[in-house]
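To keep things clear, I will list the structure first and then write my remarks on it.
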Amino acid sequence: MLALNRSTLFSGFAAVMIPAAIGMVFFYAPLEKTMGSVQKIFYFHLPLALTAFLSFFVACISGIMYLRRRQRIWDARLAASVEIGVVLTTLVLITGSLWGRPIWNTWWTWDPRLTTSLILWFIFASCLILRSAIDEEGKRATFSAVLAIVGFLDVPIVFLSARLFRSIHPTVIRADSVGLESSMLLTLLVCMAAMLIFWAGLYKFRVSLYLQEAKVNDLQIDGTS
Amino acid sequence: MSENSPFLSISGLCKSYGSRVALRGIDLDLQRGEFLCLFGPNGAGKSTLLKIIATLLRPNAGQVRVQGYDLKEQPEQYRSRLGMVSHQSFVYQDLTVLENLEFYAALYGVEQPRQRALQLLEQVNLADRYDMPAANLSRGMQQRLTIARALVNDPALLLLDEPYTGLDEHAASVLREQLQILHDRKRTIIMVTHNLRRGMESATRLGILARGKLVYLQQKEAVDPSTFEQLYFRHLEAL
Amino acid sequence: MSSLRQVQFLLGKDLRIELRKKESLVSMAFFGALILVMLNIASGIGKQVAAENGAGILWVAIIFSSVLGLGRVFAREKENGCVAALLISPISAGEIYAAKALVNFTLMCLSELVLVPVFYVLFGAQLSFAPLSLLPILLLVNLGFSTTGTLISAISAGTRRNEVLLPILLFPLILPLTVLAVKATTAALAAKPFAIVLEQLEPMAAFCIIFTTAGYLLFPFAIRED
């Protein structure tokens, strides 16, 4: 019951935060000088990318924990985060393309960040395909855990290998300073918080849904044997 | 290690697949040289128990100790003296009969793999077919090859999972003969089957496994063969 | 009993079957050559390809054809439950992994002995022949592909859709290795100095080390039943 309460809490919170964030993007944040209104997509693009990466990180950790503990809950966490991660990465790629088209004059460029996102999308989408191909619960969990771990290991290598391409991707957060005006930064932070809460709610819902599905499955098996 | 400590000791063994429970706490001690036959209907957890003893599966709880060692501690050393016959033949179709045995003998670190392979082929009456690809063997011959394969390392513990299923008369008699030889040499044997007659033949101890529990375990001398079948069904109905 | 000897027995057994049946090697070389011919036609008859395109074509042919051999390695072990026989033998999962990766590595090297000459015959008119630059690239890709591939093929062989799943799961993982290999090969085919090739070889070696280690650690989970 606690999980349900918490997911209701998160989604209720997200229901307030996301409209507020959208409001801030359009009515509070100033218009960017060179890019104009197109730049506003950035307030969603960056938080989406962040939560997508977070999903894959959670998937990798869940994979490791599953292989150590062999508990269903870790498989549920892995399944939930991979699914959410694939959806979010899809949105990152779409928002990025929409932004890049008027600004870079191209839908797609082989920039390190774009390449990394795309390859991550392929890896974790393949993990979903793998899960759909296996019926036995234990095997499905073990195999997808292995794939989620190797998939996440690939991230630094993908980034490294794409580094040599010329980059036109803006770097917003540098080591020394933040390249944003303070009102823009505040909007970005609110968007980020909204997205994280939304992510947490979605994640909680998906995990509990997965566990319920598994329980229904158990009941069916018990009923037939 | 004292003389009386059991060769194989299983305690509190539990295994479940997801929420489906296969074993609910098995306790069992076997002395060296005993031949245990476990009976049980399909789905009683027989194969799961053998797979755990063979280190193919890991239990959720409980432990298996062989000669005082936990299975998890030195699996390689334990496996080098383990033999298994299962429903699958474990034979490479593209290798010849001799190559199959030689490969497994070498894998087990047998001193002279070829000699050992030839000797086993004599024992299972396959010596004249040594050069035949395993794929071309008749079913009965394949089964004899499977038996020879399991004996390649002269196992101290032999596990048999429904070994008589689908065996022809010749293969069955070869198996019986080989089991007798192993038993005479004080090898420990565990067989699971639902074939009561075959199981009773050579075992020294009888057990019944039902719904993941060991519901009956007795020395064979203490069992009246004529009433064992009734006993078996009574135990199954009791659940 | 040293583990090296057991790896050797397992490797010897697989290569003996391969030598007898030649199923993997023949299909790999044949399919690879077929891809090369198709890409030659696709890139325009009578036209010369630049080093960049040539490198891409070579690696598409090698990687697509190598998947065929990879799929067979575990399918053969699964046939009569031989995987279980190996798992209850004194050989450890790590040794099985090493042996299988070596089998794949050998098969890839042998098929490249056919594919690289075919590539030069079809596309080589304008390209520089640089065996000393090409050899380390080929070897590193073979290593990375076979170690990652062995792990993934153990997974895909455990499902009911082995042939379909293997490339779907494997290609995204080895994409970075492929990208680096194409870049290195481009430099080699354009007769650039070895220092430029070396720039790509270093991250490739890093890929091989990371995935060999990960594969070795994760393989027991992929091969065991529980």
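Each chain carries a letter (A, B and C) given by its place in the written order, and its residues are counted from 1.
We take it that a residue touches a chain if its C-beta (ideal position, glycine included) is under 8 Å from a C-beta of that chain, and two chains touch if they have at least 3 such contacts.
Computed from a predicted model, the values in this text were never measured in an experiment.
Student: Viewed as a graph of touching chains, is the assembly arranged as a line, ring, star, complete set, or other?
Tutor: complete
Student: By the contact definition above, name the pair with the higher C-beta contact count: A-C or A-B.
Tutor: Of the two interfaces, A-C and A-B, more C-beta pairs touch across A-C.
Student: Starting from the mean Cα coordinates of chain B and chain C, work out the distance between those two points in Å.
Tutor: Taking the mean C-alpha position of each chain, the two centres sit 39 Å apart.
Student: Provide the C-alpha centroid distance between chain A and chain C, rounded to the nearest whole angstrom.
Tutor: The computed centroid separation for chain A versus chain C comes out at 32 Å.
Student: Suppose each chain is reduced to the average of its Cα coordinates; what separation in Å results between chain A and chain B?
Tutor: 50
Student: In chain C, which residues are in touch with two or more of the other chains?
Tutor: 225-226
Student: On chain A, where are the residues touching two or more other chains?
Tutor: 70, 138
Student: Would you give the residues of chain B that are in contact with at least 2 other chains, written as numbers and ranges?
Tutor: Where chain B is concerned, no single residue meets two or more other chains.
Student: Within the complex, which stretch of chain B touches chain A?
Tutor: Touch residues, chain B against chain A: 17-20, 43, 60.
Student: Which stretch or stretches of chain C touch chain B in the complex?
Tutor: 1, 6, 9-10, 13, 16-17, 20-21, 76, 79-82, 84-92, 224-226
Student: Give every residue of chain B touching chain C within the complex, in rising order.
Tutor: 51, 54-58, 76-77, 79-80, 82, 84, 86-95, 99, 103-104, 106-109, 149
Student: Considering the complex alone, what residue numbers of chain A touch chain C?
Tutor: Chain A reaches chain C through residues 67, 70, 119, 122-123, 126, 129-130, 133-134, 138-139, 142-143, 145-147, 149-151, 153-154, 157-158, 160-162, 164.
Student: Enumerate the contact residues on chain A facing chain B in the complex.
Tutor: 70, 72, 136-138, 214-215, 217-218, 221-222, 225
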